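Let me begin by handing over the structure; questions about it come next.
So that you can tell them apart, the chains are marked A, B, C, D, E, F, G, H, I, J, K and L in the order they are listed, and the count of residues begins at 1 in each.
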Amino acid sequence: MMDQNSNEFSKNGEECVVVKALEDGVTVIGVTRGTENKILHTENLKKGEIWIAQFTEHISAMKIRGVATVLTKYGKVDSGK
Amino acid sequence: MMDQNSNEFSKNGEECVVVKALEDGVTVIGVTRGTENKILHTENLKKGEIWIAQFTEHISAMKIRGVATVLTKYGKVDSGK
Amino acid sequence: MMDQNSNEFSKNGEECVVVKALEDGVTVIGVTRGTENKILHTENLKKGEIWIAQFTEHISAMKIRGVATVLTKYGKVDSGK
Amino acid sequence: MMDQNSNEFSKNGEECVVVKALEDGVTVIGVTRGTENKILHTENLKKGEIWIAQFTEHISAMKIRGVATVLTKYGKVDSGK
Amino acid sequence: MMDQNSNEFSKNGEECVVVKALEDGVTVIGVTRGTENKILHTENLKKGEIWIAQFTEHISAMKIRGVATVLTKYGKVDSGK
Amino acid sequence: MMDQNSNEFSKNGEECVVVKALEDGVTVIGVTRGTENKILHTENLKKGEIWIAQFTEHISAMKIRGVATVLTKYGKVDSGK
Amino acid sequence: MMDQNSNEFSKNGEECVVVKALEDGVTVIGVTRGTENKILHTENLKKGEIWIAQFTEHISAMKIRGVATVLTKYGKVDSGK
Amino acid sequence: MMDQNSNEFSKNGEECVVVKALEDGVTVIGVTRGTENKILHTENLKKGEIWIAQFTEHISAMKIRGVATVLTKYGKVDSGK
Amino acid sequence: MMDQNSNEFSKNGEECVVVKALEDGVTVIGVTRGTENKILHTENLKKGEIWIAQFTEHISAMKIRGVATVLTKYGKVDSGK
Amino acid sequence: MMDQNSNEFSKNGEECVVVKALEDGVTVIGVTRGTENKILHTENLKKGEIWIAQFTEHISAMKIRGVATVLTKYGKVDSGK
Amino acid sequence: MMDQNSNEFSKNGEECVVVKALEDGVTVIGVTRGTENKILHTENLKKGEIWIAQFTEHISAMKIRGVATVLTKYGKVDSGK
Amino acid sequence: MMDQNSNEFSKNGEECVVVKALEDGVTVIGVTRGTENKILHTENLKKGEIWIAQFTEHISAMKIRGVATVLTKYGKVDSGK
């Protein structure tokens, strides 16, 4: 991870997503960037927990399941309703 | 993916699309950049799920099918209606 | 596509067009950049589908046919009416 | 087209023109950049069609003929009236 | 035109002028940049035609003759009246 | 940590999260960036304590548990309620 | 004119002056940049003509004579009155 | 500290935190950046003292204990209450 | 003037001063940049003439004598009164 | 101080703090940047004196003691009360 | 003056000061940048004259004596009163 | 002073302080940047005089004594009262 390419991914970090679980079992799934889009990481949230995640060198998409409040740069969206 | 070219695609990540499925079976199709435009990835969303995807080095277009709320940098659009 | 030139085309991605088909058979035609302007890609949309496409290294113009809502950086335009 | 010079023309793409034909036979003519200004491309639009074109490495001027709505960065202008 | 210098002129393209002819015979004259200022290009417009032209590597001044609406970055000016 | 790559991570520091614990035992968990997402750091906060943390070269996601006020660039969110 | 230095003068082009002649015989005189300030170009305008000129690598000052409307980045000024 | 890497940390300095102690014994703890997060510095403030600290190459997180007013780029927060 | 240093002075051109003479005999004096400040250029304006001058590689100060309207980036000032 | 690293510290200078002493004996203490945080400089102010200090390559934190008005980029704070 | 260092001082030119003398004998004194601060230039203004001076590679401070209106980027100040 | 390092200090010049003396004997003291903070320059102002000084490569702090109006980027402060 400490190769020359890692120089740039901090800029990528400027975009993030904030998820607040409104029920137990909300999942935030990070999907890989690149020629294949596979699940890289699944985070399970309990009711009331907040998850703040940046897009990274490895993650270019996220899927939110369950009742949650989602904050993006385009504003607030409610999932699971 | 770790070659020198990957330096730049994080800038690409600054533009993303937020899709909230309002029915089961909403699909978000990522179409390849380049001299040919082929389907690279198809994501199936159930009712209430949110999908946040960046344009990437590999994806320059997306197609949304089914009833959904779509947030882009130009505002909100409703699909499937 | 992984040559040195691909570094820059992600900046190109910052401009995109959003098309929502309001009838079946809306087409979005991507026309090539360069000394000749040929059709590179034709996307057919059914009623209610949304198509979000970036200008790319290969596409510098788009033509929209059929009844659709088109969002550009200059605002909303209705085609086919 | 894949030479070193193509690096920069994506920046050029940031400026575009949107033309909506309000009658059949609207033409958008792209005129070449450089020491001579020749017609490079002529696009014919039917009533209701939208044409979104970027200035490119090759095109530095456009001429719009016929009744159309033209969106530029300076606002809306109606041609052919 | 494809030499190394052409890299930069796309930035030049960010400034353009929009001319809408309000009578037949409006002319837009492009005058050369450099140590001599000669006429490079003369565009004749008929009533209702719109001409959108960028300043280029070769053109640093324009002259508009005849009754027209001219849009510049400083706003709208009417010529020929 | 003093290798050449560390040049860039200060830019990453421009995004931070502010957490104010509203009860004892609030935890802020830092999750690693990269191909695996593991817990890197767990901070325990007592009621009234404030924790201000930047995303870093090593941390691309954070999880907040317990009753707290969380300030992000998208505004204020309350956790644990 | 096609030497390496010409790379930068397109940025110079971002500043321009718009002159609308309100009588015959308005003159716009371009004065040379550099250690000597000599007249490089004199443009004669007839009533109603518009002249849009960029500062260039060669011209760092302009003089407007006669009754005209002059638009600059500091707003509108009337000459010759 | 005077190695080449120190070039960048001044940018890091653009983000700072202002703490005004409202009681004796307020502490501001600086936590190290990097793969381990250890306490680097503990500052003790008496009532009325102001502490203005930048994030640095070495500090990526701060913890504030005791009754204080804390100013961050997201606004004012009161600790210890 | 065409040496490598001239690359930058076009940026200098972004700042200019607009002088409108309100009487005959207004003078605008350009004073040299550098370790000595000598008069480089004196422009004489007749009533109603407009002089638009950029600061250049050679001129870092200007003196305006006589009754004139002077537009600078800090607004309008009247000289000679 | 004139080594290559000094290139960057002028950017650091963009952030400063303004302290106005409202009583005799106000002190502004500059604390060193780096792996240790030691006192580098102590400035004593008499009533009415103003101290304007930039963060530098050497100073990343300041402590203000005594009754003073402190201006930071987050606004005004009163110390010592 | 035409050495490599002169590249940058044009950026310095972006900050200027406008002085309008409201009496005879106003003086604007330019003080040298560097380890010593000596008088480099003294400009004498008569009533009504305007002096517009940029900070330069050589001048980092100015002193205005006599009754004058002084425009800076922080607004208008009256001297000599 | 004309070494390579001087390239950057012009950016430093973008921040300045304006001091208007409201009594005789106002002093503005420039304090050195670096590992030691010594007095570099003391400017004495008489009533009504204005002193405009930039932070420089050599000066990172200023102290104002006596009754004066001080303009900084954070607004106006009155010293000596």
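Please note the rule applied: contacts are C-beta pairs under 8 Å (C-beta built on N, C-alpha and C of every residue); 3 or more make two chains touch, one makes a residue touch a chain.
Quick caveat, the model's predicted, so the values are computed rather than measured.
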Query - chain L reached from chain G - shortest hop count over touching chains - result: 3
**Report entry** Chain centre separation (chain B, chain I; CA means) in Å
**Finding:** 54
Query raised in the report: Using CA atom averages as chain centres, what separation in Å is found between chain K and chain L?
Result: 14
Query raised in the report: What is the distance in Å between the mean C-alpha positions of chain B and chain F?
Result: 28
Query - Shared-contact residues (touching 2 or more other chains) in chain G - result: 3-4, 7-9, 11, 14, 57, 72-73
Query raised in the report: Taking chains as nodes and touches as edges, what kind of graph is this: line, ring, star, complete or other?
Result: ring
Report summary line: Starting at chain D and stepping to chain E first, the ring reads D, E, G, I, K, L, J, H, F, A, B, C
Query raised in the report: chain H touches which residues of chain F in the complex?
Result: 1-4, 6-11, 13-14, 16, 18, 20, 30, 40-41, 43, 45-46, 48-54, 56-58, 69, 71-73, 76
**Report entry** Residue numbers on chain D that touch chain E, as the complex places them
**Finding:** 3-5, 7-9, 11-12, 14-15, 17, 31, 33-35, 37, 55, 57, 60-65, 67, 70, 72-75, 77-81
